[in-house]
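You will see subunit A twice below: alongside subunit B first, and alongside subunit C after that.
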Partner chain A sequence: MTKENVQGAGEEEQQAQSKKALKKQQKEAEKAAKKAEKQAKLAAEQQETDEDDFAKDRYGICPMVQSQQKLDRALVRVQDLTPEKAEQQIWVRARIHTSRAKGKQCFLVLRHQQFTVQALLAVGERASKQMVKFAANLTKESIIDVEAVVKKVEQKIESCSQQDVELHVERIFVISQSEARLPLQLEDAVRPEGEGDEEGRATVNQDTRLDNRVIDLRTTTSQAIFRLQSGVCQLFRDTLINKGFVEIQTPKIISAASEGGANVFTVSYFKTSAYLAQSPQLYKQMCICADFDKVFCVGPVFRAEDSNTHRHLTEFVGLDIEMAFNYHYHEVIDSITDTMVQIFKGLRDRFPTEIQTVNKQYPSEPFKFLEPTLRLEYKEAVAMLKAAGVEMGDEEDLSTPNEKLLGRLVKEKYDTDFYVLDKYPLAVRPFYTMPDPNNPKYSNSYDMFMRGEEILSGAQRIHDAQLLTERAMHHSIDLEKIKAYIDSFRYGAPPHAGGGIGLERVTMLYLGLHNVRQTSMFPRDPKRLTP
Partner chain B sequence: MPMYKVKPVSPADIKIDLPTCMYKLPNIHAQGMNCGEHALQNGEVDPALKALEERQDEVLRRLYELKATVDGLAKTVTTPDADLDASTLSRGPAESVFRATADLDSLLGKDLGALRDIVINANPAHPPLSLLVLHALLCQRYQVLSSVHVHSSVSAVPPPLLSCLGPRHIDSYARQRFQLGFTLIWKDVSKLQMKFNTQSMYPIEGEANVARFLFRLLSAEPQDPVLATQMDCWIDTLRSLNSALGRSPWLLGQEFSLADIVCACCVLRAGQTTSAPANVQRWLQSCQNLGHFDCVYPLLQ
Partner chain C sequence: MTKENVQGAGEEEQQAQSKKALKKQQKEAEKAAKKAEKQAKLAAEQQETDEDDFAKDRYGICPMVQSQQKLDRALVRVQDLTPEKAEQQIWVRARIHTSRAKGKQCFLVLRHQQFTVQALLAVGERASKQMVKFAANLTKESIIDVEAVVKKVEQKIESCSQQDVELHVERIFVISQSEARLPLQLEDAVRPEGEGDEEGRATVNQDTRLDNRVIDLRTTTSQAIFRLQSGVCQLFRDTLINKGFVEIQTPKIISAASEGGANVFTVSYFKTSAYLAQSPQLYKQMCICADFDKVFCVGPVFRAEDSNTHRHLTEFVGLDIEMAFNYHYHEVIDSITDTMVQIFKGLRDRFPTEIQTVNKQYPSEPFKFLEPTLRLEYKEAVAMLKAAGVEMGDEEDLSTPNEKLLGRLVKEKYDTDFYVLDKYPLAVRPFYTMPDPNNPKYSNSYDMFMRGEEILSGAQRIHDAQLLTERAMHHSIDLEKIKAYIDSFRYGAPPHAGGGIGLERVTMLYLGLHNVRQTSMFPRDPKRLTP
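And now, the complex of A and B:
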């Protein structure tokens, strides 16, 4: 490239630059002009507002509540707004679910947990234009305190949970403002799947929900699900305590993998490493050998299974039972099934609102069960499957599709979603399962199913150190690693059996949901570690 | 010119641990195709598909045969000059009603080594008294595993209904030791329903029909078609009870039968025992003396 060309280019550049500069100047001028215009407008409006605002002290943004004062004000919950409170003037704290301005009126829907109520703010002698404008501009999800008069309505408000009343707002203050852009819209999050596709409206997919779990948990459906789950836990505890069980807590940091080496998390433990417990099996049994007779424990269970399915998590809450029995392990099955039936009955009787709320977004058949629980034997199940055209061996384990088919067959014949399958073949069970006394090919073990999916695996445990050693060797397990376990049975051990369920899975199947992440508050799976 | 050789990045055979919880698909890259795949390539039909087609043809053929039989029967019945005149048929010797155990396999299907369970769904507001009597008779004939369940559609059931099949059998923990299962479920149903083999049998509805099925298990069905039709008549209607009982001790003659069971239960349930005519009362007393009705009386309160 020659010098002349460079010079020419330089000149062009300069020209271009000046052109650019010109353009830039023009733009800035425009901007300044606009700004000035806006400011003038604002000033004019400000004047306006200052002039006419007689309601200035009846609305506004409160300073951050730092416990400046202790107000003795009673706040009524949205849940309690019923026609009995008509004409009363009350204070309510709730979130803004939606707000819609229409000329001189502003309609707000206020929400607290599962309940919503309509609130109305109209320009009149109590409210000024500026106040209505302020209310209409409040961001969704902001928490507000509202003083209002409860009014009965003639026509039911179908879209709210409190259908017979509405609030006529007198005062409105913001306690905590929300940012304007929400990562997901709550109306979309509660929309049933089918409806979303039909009307072309959005629904929120699972990953978005889980990434913004705090907001997703605010939806009416999530509130209902987790209240019901809390009920499951409580009913489990109450029923077992009434049966004379003792609650125990077992360690989660352990020295050797309990179920099998493959699916266990390792943690560094000072100079060595330790494992996170896959189940409280070992310690439950040691408690029985320590004469506690009937124990249960509620705690986390860690399984390092790299399965990305709809029903597996890497961490979940396990509800485990272990019980010493007198002569036959069916005493334990009866106890466990009775506990489950009490849980189902309790949920049916105490949480009908919650079940209904969940069904609105995720419709499903109500859960059916028999009392006492139906118990079928493995051979009967194989016969039923064979009659339905499935080819399988007598001692083969049930595959997941076969389990689901069996669930449907049992539902057809007995009309129950919950049943026990007893006497599994010995070959497919863990080494500590007691073999059947009359037929060495079978074992004293059982599985329980809800809606065709397995929720509990249990058995009579071998309580004889000799037999346990034999069975462990048969399964090629390193005896050194389970020495402490075998030792616990050497000083007199009662015959015992038990089993464990997963809280999330039971809630999911009871409600007829399809993914266990919906019933786990902050789920953990191979791909998710936060929130 | 020799080309550059690159060392292999990964070892030739990598051991992969396949997860056990997911569905397995057959390996489409398997070495050495078997003849099945050859056949597919040649345009022949997959043997499994062929078997399915054969089954379908078989089912259709049986349907046609059945249709032909029904048509034939309809013709013989509806033509005015029917060949068969029921009244001229001589009554066969009245055999004893309860003979040896029936061939369960022929009635209930092949024994696949598991308990054959009969499921009956009944409404607790209308307990099926006749079925309870039949259950007692069945227990005398076979080893029956009886159980009573309450369905979740019903909130509470009075205690007598829970123990209506008698005390729990000592061996009830070993289901395989029994020949027959009798599962009674108290459920919110409009009509009594019986299910046995849901794959091959349609559910039977109505107390009378279920009673007929259970009676057949007792091999007590009279072989004589005349008696059989008479029995059916009695099961379904309740007319001239007194006059019929005036002529013979039991409804069908000299032997106690299903008709007596069902009718007695109807009368007892209607609660008109004290105002019933003399013959009916005597007949009810005889039923009670047989002892089969003991399970029924506690439920009548």
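And now, the complex of A and C:
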């Protein structure tokens, strides 16, 4: 961290660059050379002024952290910078969020994750003119270590998360430099839609965000979304483990399409070919036949659907449940809805800040739910839609617009954003769905909805090999291909039901967002395979 | 559950069968017809004797549970059948594990998961001759509901998990019948290896097990293995969440091979092609560049290696960690080893019964570990091996036999089954590995071992785009394909390190098992894609 190190690193880099320039990538080399030149210039400038710079050991560019030493230095997190730390001398590692030079002063906003703090460098006893200039020239998004004294401020700093303190910087070292030109500006990326247009300020479109996802994920909104999503997974699992469920791992490379032949990706598998699982359906049921009784799994599912809607991805995360029951599949519905309610409560109670942060950019009403969860029959839903002027057959599937309309009707009537629709027509459900014992046109199946969009599809499954065979034949499914699955039911199988939840949809709809790509870190759709 | 229902169901089935026989699958139909015939015969026999059977409403075959009714009947679990329940009249649902008729009595062993209880039917006030005969004829593995009185026994029943009580059965109804011929016998499947040969009793070979995995998973050993494995995942996540980690979900369909071009499965992706991720490596690092600081993920990873060893699968579950550190990657090693120690302790404390159960079939020494975890340098390991007579170069990678030998040497010297090997030669590690700052032939990388086998591979990663580019070129990696990854490091990146753990290996080695297929529910290898 001394000047020698800084210079040494500069020279090494230059040498490395010259070697590299001889190699393939001309463009890459030129870019790197420019950077090296700039660094050399910076180093030279510093050297020039070294003699008359009393603060020369108080700032600089650190050599790349290569674990050269075990430094016994505690770093305080930005979020922990509160008035209790006033007058303490501390070290902080953070990014330069913004920087503004003003005469003999330089104001920085330092950021770590969702948290920001103001930092001040002023020419004086601890900082030279050169040092302030150095700080003012640092690129945004660079990561720095600063030593500073925490100072209480008289007027709240509205623009920062840490409003009651600022840092008076005494040392400043660069850990990792950012290139000067960012592919997108973080302040643009968190601007509420609409505001951009009205006041002529920019917002960032979705493709730019996703093309530069690593920058986009640094925004307060993204940090909040994905911390909350981590919470969804945790709440889902913790609730189920408390209920006596066992976590299972099911194969994603399979020999037969689990949900029929359409929409399945093909994998070349040594000398043969295989498929990517469209769901863990067949495997979680096999675990029920294997006496695990209550199982769940969290993992990727793959759908080769060539549709570019706001709620479809070709790869998403399935939160899957399967459970043996005693006498009626409503036992399972109750378990699932209770799990969802635990998730909603957990999010509300543990992530209020994250929800508020997302709402700043994407305003939405708080998510409402009832206890016990509202359960409607499909027939009732059709009647409600017909009463609202929709023309549809009794055993017709719900279109997406009708689902949304139904969501609004249910919200008006029952004041809930979450409900279950039970007893779907048999014809619109997969072959393994148990028919209704009282009406062969219907089935023991259900969907669950959040803000009018489907987040779970489930059913009582057929646990009798003979009936399952009949239904598979009725759906023209090649019995040879699902032999292992059907055979699972020949040696005693308990009645069971379950469902699959789309993680990204739950996060999106809970937060009132409008595109599932906002809740998938690296989304995959027919047009996007990268990053 | 009355006789009428039984007959009704039989007739319906016959009709359904006749229709079906006309359809494609002659073979399937014949089989089903035989079953129907048998059932009709059973029903007829019962009808014949109906007049003189006072117990006729106390037994029978239930119609398929189709959620016809919400029965308000509590079912007691087998594991809860203890002397405290003596003289209580209760209902139990369980499988018929074994059945043995003896004069006017029938002894059943009922099983639910790992738990068994003895049940007795005797001709008397509550059971007729016909009823006992009915019970005696039920097939093994069928699922039944019994109403019974719990009775304390004077002599412990050694063959059951519930040794202090037995059930005196008063009603017995079949919920789901098993076919009479099982593809494997559960008692053979839990017999310790070796015992089979000596006493002429059968054991079950691995392919038979895996071909009939649903039956094999019902054994006490399998139930214990996969409950413990569920615990590994839970302990891994809980420990990390307590440490402030965020769970992430990374895409499995990717546009470029994450670990170089070899051993990667190809997927056809609409009009183009893609790959299956060999690890979440690039994505978890991108999350670090995106300020998540400490991340983990649990998910499938895919390796197209055509090797059929005891420890390789083409699809396994990766427990992945990535973490920004302050000054030295040993901060990360310490976090990972502490996580592993928490897992070991959690398994030992929460799953003693499961460990004991597995040990009955597969005896092994208890797993030993030190606190803090032993960390050796690669050079020391090479010296130990050379001292033991192994001929190898200083910068040569460890062969599998040498790893195992090293495990034995370390166990002898330090009495631990878990240790870290630090500072691997740079040449044998992936391109993104940070070189050792003091010796360019070595690197800031490490493996972790359990009982002499590798379970984790990790390293400090290069967080500088320029050095990363150089190293990728040195490894002849097409820079165009990993552009998004390399670009992630251009806008400020913290120093970071991490590692990937193989779940199945951890379970296998903790329990002292010898094949990773034992700890994968539905294993995938070059020769196995099903079930």
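The definition used in the following text is that the second predicted complex is superposed on the first by the 479 of 531 C-alpha atoms of A that agree within 3 Å, B and C clash if a C-alpha of one lies under 4 Å from a C-alpha of the other, contacts with A are read in each partner's own complex, and residues count from 1 in each chain.
Here, a residue touches a chain if its C-beta (ideal position, glycine included) is under 8 Å from a C-beta of that chain, and two chains touch if they have at least 3 such contacts.
All figures in this text were calculated on a predicted structure; none of them were measured in a lab.
Q: Let me test your reading of the model: by the given contact rule, A:Leu479 touches which partner, first (subunit B), second (subunit C), both or neither?
A: A:Leu479 sits against subunit C, while subunit B stays out of touch.
Q: In the three-chain superposition, say which chain, subunit B or subunit C, touches more residues of subunit A.
A: If we count touched residues of subunit A for both partners, the winner is C.
Q: Return first, second, both or neither, reflecting whether A:Tyr432 touches subunit B, subunit C, both chains, or no partner chain.
A: Touch partners of A:Tyr432: none, neither subunit B nor subunit C.
Q: If we overlay the two complexes on their shared chain A, which of subunit B and subunit C does A:Asp306 touch? Say first, second, both or neither.
A: Touch status of A:Asp306: both partners.
Q: Once the structures are superposed on A, label A:Ala387 by its partner contacts, choosing first (subunit B), second (subunit C), both or neither.
A: first
Q: Considering only the touch criterion stated at the top, classify A:His328 as touching first (subunit B), second (subunit C), both, or neither.
A: Once the two structures are laid over each other on A, A:His328 reaches both partners.
Q: Touch test for A:Ser178: subunit B only (first), subunit C only (second), both, or neither?
A: second
Q: Touch test for A:Tyr442: subunit B only (first), subunit C only (second), both, or neither?
A: neither
Q: Under the stated touch criterion, which partner chain does A:Ala493 make contact with: subunit B (first), subunit C (second), both, or neither?
A: Once the two structures are laid over each other on A, A:Ala493 reaches subunit C alone.
Q: Check whether A:Tyr424 is in contact with subunit B, with subunit C, with both or with neither, and answer first, second, both or neither.
A: neither
Q: Same subunit A residues contacting subunit B and subunit C, which ones?
A: Subunit A residues touching both partners: 306, 328, 330.
Q: Considering the complex alone, what residue numbers of subunit B touch subunit A?
A: Going by the criterion above, the answer is residues 17, 19, 21-23, 112-115, 117, 119, 121, 147, 149-153, 173, 175-176, 183, 185, 187, 195, 197-200.
Q: If we count contacts the way the header does, which residues on subunit A are in touch with subunit B in the complex?
A: For subunit A paired with subunit B, touching residues are 262, 305-307, 309, 312, 328, 330, 344-345, 348, 367-372, 374-377, 379-380, 382-384, 386-388, 400-401, 409, 412-416.
Q: Can you list the residues on subunit C that touch subunit A in the complex?
A: Interface residues on the subunit C side: 13, 16, 20, 23-25, 28, 32, 35, 64-71, 73, 75, 93, 95, 112-113, 141-143, 175-179, 182, 213-215, 217-218, 222-223, 226-227, 229-230, 233-234, 237, 241, 246-256, 265-270, 272, 274, 276, 283, 286-287, 289-293, 298-300, 302, 304, 306, 314-315, 317, 326-330, 434-438, 444, 460, 463-464, 466-467, 469-470, 473, 479, 484-485, 487-488, 490-495, 503, 520-522, 524, 526, 529-531.
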